[in-house]
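Heads up, the thing below is written out as structure tokens.
Per-chain residue numbering starts at 1, and chain names A, B, C, D, E and F are given in the order in which the chains are listed.
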Amino acid sequence: MNTAGNDVFFLTLGAAMVLAMHAGFAFLEAGTVRKKNQVNALVRVITDFGFSTVAYFFVGFTLAYGISFFAPVSELNLLNGKANGYEMVHFFFLLTFAAAIPAIISGGITERVRFWPNTLATVVLVALVYPFYEGLIWGGNLGYQAWLEATFGAAFHDFAGSVVVHAMGGFLALGAVVLLGARKGRYAKDGRVLAILPSNIPFLALGSWILCVGWFGFNVMSAGNVEGASGLVAMNSLLAMVGGLLAALVAGRNDPGFVHNGALAGLVAICAGSDIVHPIGALVIGVVAGAGFVFGFQVVQNRLKIDDVLGVIPLHGGAGLWGGIAAGIFGLSSFGGAGGVTFMSQLVGTLTGVAIAISCGFIVYGAIKVVMGIRLSEEQEYHGADLSIHNISANPEQDMAAH
Amino acid sequence: MKKITAVIKPFKLDDVKDALLEAGITGMTVAEVRGHGRQKGHTELYRGAEYNVDFVPKTEVTVVVNDELAEVAIEAIVSSANSGKIGDGKIFVSDIERVVRIRTGEENTDALS
Amino acid sequence: MKKITAVIKPFKLDDVKDALLEAGITGMTVAEVRGHGRQKGHTELYRGAEYNVDFVPKTEVTVVVNDELAEVAIEAIVSSANSGKIGDGKIFVSDIERVVRIRTGEENTDALS
Amino acid sequence: MKKITAVIKPFKLDDVKDALLEAGITGMTVAEVRGHGRQKGHTELYRGAEYNVDFVPKTEVTVVVNDELAEVAIEAIVSSANSGKIGDGKIFVSDIERVVRIRTGEENTDALS
Amino acid sequence: MNTAGNDVFFLTLGAAMVLAMHAGFAFLEAGTVRKKNQVNALVRVITDFGFSTVAYFFVGFTLAYGISFFAPVSELNLLNGKANGYEMVHFFFLLTFAAAIPAIISGGITERVRFWPNTLATVVLVALVYPFYEGLIWGGNLGYQAWLEATFGAAFHDFAGSVVVHAMGGFLALGAVVLLGARKGRYAKDGRVLAILPSNIPFLALGSWILCVGWFGFNVMSAGNVEGASGLVAMNSLLAMVGGLLAALVAGRNDPGFVHNGALAGLVAICAGSDIVHPIGALVIGVVAGAGFVFGFQVVQNRLKIDDVLGVIPLHGGAGLWGGIAAGIFGLSSFGGAGGVTFMSQLVGTLTGVAIAISCGFIVYGAIKVVMGIRLSEEQEYHGADLSIHNISANPEQDMAAH
Amino acid sequence: MNTAGNDVFFLTLGAAMVLAMHAGFAFLEAGTVRKKNQVNALVRVITDFGFSTVAYFFVGFTLAYGISFFAPVSELNLLNGKANGYEMVHFFFLLTFAAAIPAIISGGITERVRFWPNTLATVVLVALVYPFYEGLIWGGNLGYQAWLEATFGAAFHDFAGSVVVHAMGGFLALGAVVLLGARKGRYAKDGRVLAILPSNIPFLALGSWILCVGWFGFNVMSAGNVEGASGLVAMNSLLAMVGGLLAALVAGRNDPGFVHNGALAGLVAICAGSDIVHPIGALVIGVVAGAGFVFGFQVVQNRLKIDDVLGVIPLHGGAGLWGGIAAGIFGLSSFGGAGGVTFMSQLVGTLTGVAIAISCGFIVYGAIKVVMGIRLSEEQEYHGADLSIHNISANPEQDMAAH
């Protein structure tokens, strides 16, 4: 039996499932923004995916793992001594994670960001920033993990990317959102917070569902090969998702956006420790993440007055941070977990990621803002990104033509 | 002829239509509008942030009738659209000089019958 | 009483509403309409093919007021809906013979207050 | 000035618009309405159960013109909106006392030209 | 080669596909109800899934199979002597079936059911009622299958749950729908049946498509391990689906709702015998199920005047019942089937399930009705479950805000 | 380890993913047509799938591969000496390709085609025309491939069907679209081209996303068994998709329809050579396909005045043709490819397919047009296919009932 073929099969499905998650990001965003920005949300997510692929193929993946794809096909098929072109589908799988970075940020900056400056940020983040931290944690680069292990007794454990992917994306968004400023009409001069209502709850729910389902590829296939496939990872992902959605149901008083995003908060938080925590630990992690998201959303928007449209800072940032640390608690064998982690490594590893994310977010978006500007003109924002950038609306027949 | 325009609560439309039909008035035109009156807009909360509902959905029913039917039509509307609550709406009556039925070219009373 | 119907640019609705409220006029009814005037329809391109936008989206605001308030209302609308650009719209004034408040049966001035 | 309001079949709008433009009338306002008249609502079946279509979709075209143009406008509408079938609609004519162009403040005939 | 890893891979995908089916249930329902109840349909389906998970994790699964998950992770990973945490992904897979029970019922009771009483019913059904019958049939509990085998020569064969899942859900809905009463305006006092039109055919179609695709996980992965993966199951599912949709096309005179639900009727009916009937038998089973659904729908709604909104009683109940019995006909080797079934066992096993479902439906919903009430107030129903329960509509920007 | 079980698992997922693509076709079409034709688009795609299954089961598959399914189940499970009923899931997988033929054509003829005549065409094409060429290329029938190999040094290489499926479908559509004539109001008498705007960009985007994700099943699972699963195929599909979408973004000036279809153009073009070209070759193939689609779309519609609603002739026809030929360029080892192809075989094989498609399209649709007519009456077209054929609209509650 050809193990490599089976592993290619395994990762192809993982990659396809996480690719599908990008459709989920697109619909979650399209449903949450106002109708005049739906098309832009959809186009931005898919083109960000495209630019991410190019950036990660030519630069990012090599930076993180030292592998490149410039040899002839005959060699590529056996790269790293693995048959059936395993390394290529491995690239595909990891790319779908890398491309989640702009997809996450997208939900924060939507409805007023300019198209090409955002594309430039995407390229920089996926070519350089994300792979830097990814390489540190998953590529063993620069001796960072070795140092943590030597210092605290265990490396930083982030099985499927609570921190590497989600906290990174969520906190990169902080700089972007702050530098961009709030949408027109979001905060009144007298300090009141004005609501901007979502356009389409079914699209939002569809996006959330696609993300939830794809997430089982994100987590289970993070094992990298069939040998490592783990029922524990599947079950923990399930329980954290459920914990998140039920907690958000209660904390969010039946708000459909909170319920559907609460499931995602649970899934964000379980990535790191899904292979080591006990299922009941996973449920608790999810409950905290879901309730924390509802709470964090309101703090960010209403107290801090940061107009993070989809709430990606609490959702991916907050829950990712919590997940990184929680793996250092519920992963301990004293909590029924599999052990092999220490709280300190989890704390330090997580905070390192958050620090990189926050600083690079301000640097990258700040530089682009200075050089070319990142925000639509007031008039473009008023007419909506759909007409301003794409020259078409979400329902063109109905909105645009003579009847 | 008189044009009677009533701004009513949307869920009263069926009752008003039935009342008019009973009064022998079959021609009517209906539009979806939004209104502001004593029943003012109000402020709602979404996730802790405010939004204004400045206008309330209303339905506008227009009937054009011969002068002698005007009183009957108004009464039919008043009695059927009345819920006794604020926002029940208003009736506006104005004069119509001429009516033409497009299909036949008939005018005025003939056009209305 | 007078009926004042203004066809305005949709994004001016908030300003017009505020101007009317300030002028002490609270009753108003709003409808979404499409218009054609000096600001004509135009031809757009979609993938190299043409399509016509014959009508431009407009908002129609109707207020019925006592005769003495008509001037005030018109001025409030003109000043608040004016952007100085083509397509700002028009105001039409006509006579209203009778007003009935459905809830109470009050008529005319009473119904409008 | 006269206000001419025609309730027509929606798919006739293009023809009516063209006829009015040909007659030299460019200002018009259009609204989607639903109507009940000789062409009554009817009962349809969905999976063996009934539902009523009480109102038929109609389009309401309003033009305000100088008195001398009223006849022309009415004729243009009658001839273009006529399909000879029930439900072709009606035209209502009423008086308009004053017209104001918001942009310039021009009034009446000036505002309409 | 690690077989356990491969089986975990297999069931993870099966579980993910059936999880996706819950999104299908959500959209099928959201598209069929009136617009003012779309949000509630979406939220109810996902939260029912959440409560089902908790109920099945803590009670139901143990009841059916005698397995619980309270040991430390190191033991869970090897539970039942199976490596890679197989039993946990097995739980996940079977949970997605268990959670189908409230998802099925949901389509019948929608547009007027109260939120929390419904949640309570979900918990009771998934913790107790469903696992009781599931354990009887699939868990070998109480010697029921042994008795059938002794009496009629074969155990009751329900490969993927025509009866265990679908007839159970469909007939549980009977009590719920009857006790709830029809939607306001559905039946006139003079006896006429009034139509309430669906809000969104594309959402309905989307739901159906998601269910169709996911169903191949439902059926094929019911083998439980890769060793047992069967091309026959895949092909039979395909042909029954096609038979169902084409029969409903003709019987339903091109009604899009019938066509898209007809495919599901075929799939419901093939679950039981998909591993033993001949492909042409599967086609016939599907044709009967699809036409039967169209017919049954109209009988239930228009004759019996039971306001089963999505037609779940004929769809899951009727087609499930037919599927259980049909496996005892087309599964016989005289019909080209694989044999190993008897008509009597199929009949008795099926009717047992139906009887349990009907009685428990009335008992559970009846008790809840008495204790706390199950129906929205007239005013709440008039305004719609979205505004009444969730304080938001399906298109908030358009429906709720000032423009 | 049971290899057959694993292969059944592999193809079941491949088949499920390509089955999902049909939902993608349905939504891509529903989003692009006018609202009054959405229901018809959805129903036509799913019923075409149904009729295709029947046609391919009873005739087509046997024609292409000489295998039929009339033996008892015990034999079917071991057909062709393969265990676990492998041949049956193989049928399922290949059927989902065959059924793509009417799904592709559907996008060209939509908004004015009659229902049953179209169904008849579907049956003829999937029972006879498609399997004829499929058998020639993939079934080794009539010695065509042997002749190519003898003449040009290599057989015609079409790994996943750029030509066998896509160019075939796209060019079959040519005859159908031309014989049907343009939609009313598409071309003015004075020669101007009038736009008919799409109804729903989110549905269009959803369709495209589903197609993109499913395509990884289409391509990777074309290996037929796990042994042959190839990371190269996965990566090449990814890069061609990305190339297509980015090129269409630029060439199509940010038009959302072009971007989302551009991704598909890249995927169409990579099918043929995905197992042999270098990833950078795949990127180039995608770029050419994406830009070519934007260009070809406008030529077909605006120059040639062929009212191919979704642009399936350039999308599947044009990009498929390009893909067939491109495999003969970028597949060469001099371009870093795996070799084993010759330009001439690719050219001849591709043009043969295109020729068969164009001629059979005119013949089949021409005959049906003569015998029974293929176009809706003017009035039916005006009212829309939804009301005319299905007696219901896309949003019945909103459009049809009294409020």
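To be clear about the criterion, a contact is a pair of C-beta atoms (placed from the backbone, for glycine too) under 8 Å apart; a residue touches a chain by one contact, two chains touch by 3 or more.
These figures come from a predicted structure and were not determined experimentally.
To find the repeat of A-C among A-B, D-E or B-E, check which pair has over half of the same contact pairs by residue number; it is B-E. Judged by shared residue numbers over all numbers used at their interface, chain A and chain F contact each other through mostly different positions, with under half in common. Rounded to whole angstrom, the centroid-to-centroid distance between chain C and chain F, based on C-alpha atoms, equals 52 Å. We define each chain's centre as the mean of its Cα atoms; on that basis chain E and chain F are separated by 33 Å. Taking each chain's centre as the average of its CA atoms, chain D and chain F sit 47 Å apart. Contact of a single residue of chain F with at least two other chains is seen at positions 1, 6, 13, 195-197, 200, 206, 255, 392, 396, 400-402. The residues of chain D that reach two or more other chains are 14, 31, 44, 46, 51, 54-55, 94-95, listed in rising order.
For chain D in complex with chain E, the residues that touch the partner chain are 44-51. Chain D contributes residues 2, 6-8, 31-38, 40, 54-55, 58, 60, 74, 77-78, 81-86, 88-95 to its touches with chain B in the complex. The touching residues of chain F, when paired with chain A in their complex, are 1, 3, 6, 10, 13, 17, 34-35, 195-202, 205-206, 208-210, 212-213, 216-217, 220, 225-235, 238-239, 242, 245-246, 249, 253-256, 259-260, 263, 276-280, 283, 333, 336-338. Of all residues in chain D, only 11, 41, 44, 46, 51-55 touch chain F in the complex they form.
For chain A in complex with chain F, the touching residues are 1-2, 5-6, 8-9, 11-13, 15-16, 19-20, 22-23, 26-27, 30, 38-39, 42-43, 46-47, 49-51, 53-54, 57, 69-70, 72-74, 76-77, 84-92, 95, 115, 200, 203, 206, 389-398, 400-401.
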